[in-house]
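Listed below are the structures to be examined.
Next come two complexes, and both contain chain A; in the first it sits with chain B, in the second with chain C.
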Partner chain A sequence: MTSDVRSDQAEGAAIDHLQRVPVVAVICGLVLLAVLVCVVAGGWLAPQDPSAQNPLLSAMAPGHGHLLGTDELGRDVLSRLLSGARSSVVGPLVVAAGCLLIGATLGMAGAYFGGVVDTAVNRLADMVYALPALLIAIVVLGVVGGGYWITVAVLLLLSLPYEIRLCRSAAMVEVRLPYVDAARTIGISAWRIIFRHVLPNILPTVVATFLLDFVGALVGFAALSYLGLGVPPSSPSWGTTLAEGQSLITQNPWLSIAPAVLIIVTASSATLLGDWGHELLAHAGTQR
Partner chain B sequence: MAIVLFLLKRLVGMVVILIIVSFLVFSLLALSPGSVVATLLGTQPSTPQVVAAIKAQYHLNDPFLVQYWHWLTSAVHGDLGRSIQSGEAVTSVIASHLPVTLELAAYTLVLVVVVGIPVGMAAGIGRGRLFDRSVSGATIVGMGAPGFALGILLIYVFGVGLGWFPVYGAGSSQAIDRVYHLTLPAVALATGLVALIVRQTRAAVMDVMEQDYITFARTRGVGRARVMLGYALRNTALPVVTAAGLLLIVAISGTVLVETVFSLPGAGQLMVQAIEAKNVPVVQGLAFFVAVLVVAVNLLVDAAALMIDPRTRAGVRG
Partner chain C sequence: MNTEEGAARDLATHLHPDDAGDRSGAALLHVERLNVAVGPVRRARPLVRDVSFDVHRGQALGIVGESGSGKSLTARAVVGLLPAGLHASGSVTFDGHQLIDAERRTWRALRGSRVSLLLQDPFTMLNPLQTAGAHLAESLPRGGHHSRSRQRDEIARRLGEVGLAAEVAEQYPFQLSGGMRQRVALAVALARDPELLIADEPTTALDVTTQAEVLELLQSIRRSRGMSLILITHDLRVAFSVCDRVQVMYAGSVLEQSPTAALAADPAHPYSLGLLLADPPVTHYVAELTAIPGSVPQADTVADTCAFAARCSWAQPECAAARPPLAPVGPNRTSACLRLGEIHPELRAALSHLDQPAAPPPALTVGDPIAAITELRKTFHTSRLAGRARRTTALDGVSLQIGEGESVGLVGETGSGKTTIARALLGLITPDAGRIDLAGIDISNYRRLDRRQRRQARRIVQAVFQDPYTSLNPALSIGTTLREVLDLRGDVTDSRHETADLLGLVGLPASYAQRRPVALSGGERQRVAIARAIALRPRLLICDEPVAALDVSAQAQVLELLRDIHRRYNTSMLFITHDLSVVRQMADRIIVLYHGQVVETGDTATVLDSPNHPYTRRLINAIPSAQAPSGHAPDRSEP
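On to the complex of A and B.
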């Protein structure tokens, strides 16, 4: 087998791959859309009151009008998961959005201006990069304590370095290109160049890392609430439901399986969309 | 000489990082809600003698930085204080929980190396084929699946449903029983790591397979096995080894959760229990221990990279 045949195959496969991915990407997009609908209208979609207790139907397997059974206090699992989408997803979304705004701005500014601040931010990012972020969140939130929005702030701070690094390295390529010089020559202000000229060119990276940040924060939130940190135990987030369900796995397995599957499916869908975005970007890069 | 200098420089950088981290770890005590004395008292009766003893032991009447200095010097000498729950030395509490964690880590490492590297190589060599595409798809699900959620599914399917594996505890200290008990936790922990290493290996192999020396070796008629093992594997090793630092930090957070899910009496579960009990000295000890571990592994990774690839040595000199 010669290398020509091989590279032809690889090229064919790459094109194949590009045509194939959108189907999967569409499915993932639909999954994320469904999750978003639950975030907005989960409480309204819930077939029953998620906090209505019924001691006679404690930890019951599916049936009796409860599609996924009931939890220890006889509350409807499906309703709790639907209404729990909000506390499970809003925090991660805020983390990812915050990363996007702050991280992209700092990353692009660092690449454009350079200098001591850029070096310092980069060194700091390198350091945080080498630390187990989730463990730090567990320790800080566990020892210092904190509610939902403090959890958001801690996760935001811990995932910011990734965003800064990625946006900085993407912007680094752009700021050396002639169009940036040209813009500077005709007297366009630095921030205008950054936001109107550099940003559109690194947008694929920004969007892809937004999704990856979201996945990291979603898993982080779920892990923290599984351990009873971050989300108040009374609120029906997926992580807390998972923790409740584990001890009742023989009575009503769905109480723990359903939230586990929800977390895995949501995270995988967002990862796949982000990955697809990255691949698209890499492909566009080789075409140039 | 240049290499020694390079490693020395890294060593200094790491000491600086450890000092910063240790300061943050020490600050946990002051940051935890309630007075420091109340935190350190735990459930002990607050007699004046006990309070005075705590104040003397932690130098609480001194300025904050002096307290930190005392804490750091004893930490360097292996004294991380006493658990407020049992009164045992923190180092011996950690040491008694370490074996299970190390066994879990070893088991996971075996899975990652034995499954991840061959699969990643096979996928990268057969780039774009059905196997590669299925593997790439699976790695995305694997990366998105957090160990604790996966652990619950494994418990349900293989523990409760099929009854093949035990669902909690580490079993007796007999080797076979231990391996049996640690199988599901190791799979739960390894899945995300295998996905990472498969992607890393696949990307590295794809890069290597496009190099001219592979084509040249083939043209010379070098056997397929030799091309793969002597050329491809060796050149793939560098990016894979440098991924070890990343794997470690993913694994550390993962271990804490997986040990909790499977009720394994390891260091991860100790961390969660210490946090729940507000046992700050134990939390500090574990955090400091993890920091040293992360820093040491990163240094080892750098040294290994220098050994594997002579070109990185040239880079250091230049």
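On to the complex of A and C.
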């Protein structure tokens, strides 16, 4: 039968897979771990007070005890970036987590119940999809006046449709399989089937989209902070630091380069880790 | 030592090639000590070991085995189409060309034009965007500048050869039935007039009547062209109906090679006998179905013993000591059984039991109806978005009753509405019209039932689904799956103990509770599915093709288990199947469905022995004969 050929093929691929040492995944994991440490203890790790001004050392290149130099007001850049990690990362994390909870639930419910529920969920996703996300965020925040948690809420709403659609399509495959029929036949309730039977089987997709949502929100947050929306300008964050550095690029280029590199490295690590996690989890089902 | 000796004997058998090919000189295909392994060279795990056989011109060889036997891999190694990560060694010679590690150019010259492969699944092997005609045009010989009309005539002729009308050329795969697709695929495989056709389970995905037609077609084309054929199948009856010779494979090794008639009448290996016995007869009821205990091992775990020793009732310590070589045991026959000399009479005696006069089926005491279906109708619509809206009538006024303690067989082909009835009874679909009574509850519209009634209905009826590979949640352990059901029952205090009891009931060790479905064989998974279904102690158990996806040896085990449950708990059963021999063993009464209507109903024996409706007769005639038909005797010679 072809089934043995297929399982042998899967096995061959699995062996292939295990032989490849995921160096990239390890590095990405370490990067994200370091970022998380900064989120938790950034202020404590900072070598100097991030808001201590020193007009004499304004916009200095690295040196004089300032590893990455100083900004316009003479504040230590390294300290500002370390303590700014919290406001730069927590918001995106909340966005991703919220997407996961609401989006995955709605997506799975749409796939499972079908009919009116599915249509409602889909139209909601379509509607939000049709909006030019960042533009809407700018308008809303401009009108409402910004604020950290309002930014989180807006970004959350705008990234929902991706999560809904991906989870819905992954769940659509699962709800047609006989094990879901079997669960219904036994008399298990709909929500229990959704969370206990469907969710574990679409976990690879859920985990991967969580990290992708995080990346999207991280970049979105930085962009809004850069524009002066979202994070209040006085508080340190990667996006605001990047914006401040623009005018001082000749005096201290590190003021712009360092936050940009931080954003890129964090975002790439999360993307690659999500990719690897997806593959790993998807394989887990085929192994004993 | 044993492998060398085996090689010597293999060689000996090759020096005495058999039947038709004898006269036409050397074999067309000569396979010698073919090995297929997976993984890196140093730690390679064998999947196929030391397979040697010949196929002569005009000869048909059947390779028979259960899943994991290596029969498909053998065929794929022969045509050089092994999946990535697998590699073959040994020797495969086709008309003088060495094919193992052959260059691409050699392959291109051979594949399609001289050797052709026909695959199992007619639903995926045709390109959905190409018409049947385009498929054929692509594979017809390229030589010469055919004019359009000449090509069209050629395509029509080719379609005619496989019994299709010329108009089919204009149609896309989705417009064709499974049988028609398989015919198109066959026409494509034959387009360049190959000398050898390798057919890998060509009829497994088809209905019984379609299967009979396709097999008949294969046979007649092979004869008229004098083409050689390798037919790979798990079904001995299919191999017997088409092939001159049969090679039985098990866990990567060949256990027996024999002319068809000789194998059917007098198997020379305990496993061949087991396969013959495990196939339930359609002609009469058997009081106890013979199953081969256990399941097929991985090829690498039995590398140094007789592969079948662990499941063989004749096994002795010497069987496990070394890998027995294939030894000649008669004219053109080899067997890998060490003890054949001693046990051959016993094998013959065991086989003669199969044809013993029928034991009467146990007397039936039918109580009040537990389920009654009246004038049930259901039509499926496809959405207008996908082109033309289409209506399919699945049920066209079906009425039937199932009595308490009765086992009813529901027989019919794909699309006859069998599964729709099951799903309606389970509340998974809502019928358009009609009434379903389940022990006094009207369940025709499940959504209208209140919570208590719904729960009551779920307690009464439970189901075992067809495909054990998808009917268990792959993410949950067996124990979790079963405990979930037991928790619903509400009266279970020690669910761990109860889970162990359930597993014991279906013949599985309690330790399986920790395993995930992927670590279980198909038969074991189906047992778990049965355990899940009977955990709620239902009064009616619906079995929707419960053994169709299982290997022959696991089939008998599962059928016997279901019978046991039926007898022990007096559970009513609705047994849905297309296999009449299964229904003969399982059902007290038969209902024959055809295009959503009941066309015949009556006692199992009455319906199967003297069918009234022409459709029922067609179903019965379509069963491949278990005995080798005299017309295809091995000494038959073809031009």
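In this text, the second predicted complex is superposed on the first by the 252 of 288 C-alpha atoms of A that agree within 3 Å, B and C clash if a C-alpha of one lies under 4 Å from a C-alpha of the other, contacts with A are read in each partner's own complex, and residues count from 1 in each chain.
Quick note on the criterion: contacts are C-beta pairs under 8 Å (C-beta built on N, C-alpha and C of every residue); 3 or more make two chains touch, one makes a residue touch a chain.
The shown structure was predicted, so the numbers you read here are calculated from the model rather than taken from an experiment.
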| item | value |
| --- | --- |
| Touched partner set for A:P132, first chain B, second chain C, both or neither | first |
| Touching partner for A:V219 - first (chain B), second (chain C), both, neither | first |
| Which of chain B and chain C A:P200 touches, first, second, both or neither | second |
| Partner chain(s) touched by A:R184 [first = chain B, second = chain C, both, neither] | second |
| Per-residue contact with chain A, leading partner among chain C and chain B | B |
| Chain B and chain C contact sites that coincide on chain A, given as residue numbers | 3, 9, 12-13, 16 |
| For the chain B and chain A complex, residues of the former touching the latter | 17, 20-21, 28, 31-33, 127-129, 132-133, 137, 140-141, 143-146, 148-150, 152-153, 155-156, 160, 210, 215, 218, 245, 249-250, 252-253, 256-257, 260-261, 271-272, 275-276, 278, 280, 283, 287, 290-291, 294, 298 |
| In the complex with chain C, residue positions of chain A that touch it | 1-6, 8-9, 11-13, 15-16, 177-179, 181-188, 196-197, 200-201, 203, 285-288 |
| In the complex with chain A, residue positions of chain C that touch it | 38-40, 47, 67-70, 72-73, 76, 83-86, 119-121, 200-201, 204, 234, 423, 426-428, 454-455, 458-459, 461-463, 465-467, 470-476, 484-485, 488, 516, 518-519, 529, 532, 536 |
| Of chain A, residues touching chain B in the complex | 3, 7, 9-10, 12-14, 16-17, 20, 24, 127, 130-135, 138-140, 142-145, 215, 219, 222-223, 226-229, 242, 245-246, 249-250, 253, 256-257, 259-261, 263-264, 267-272, 275 |
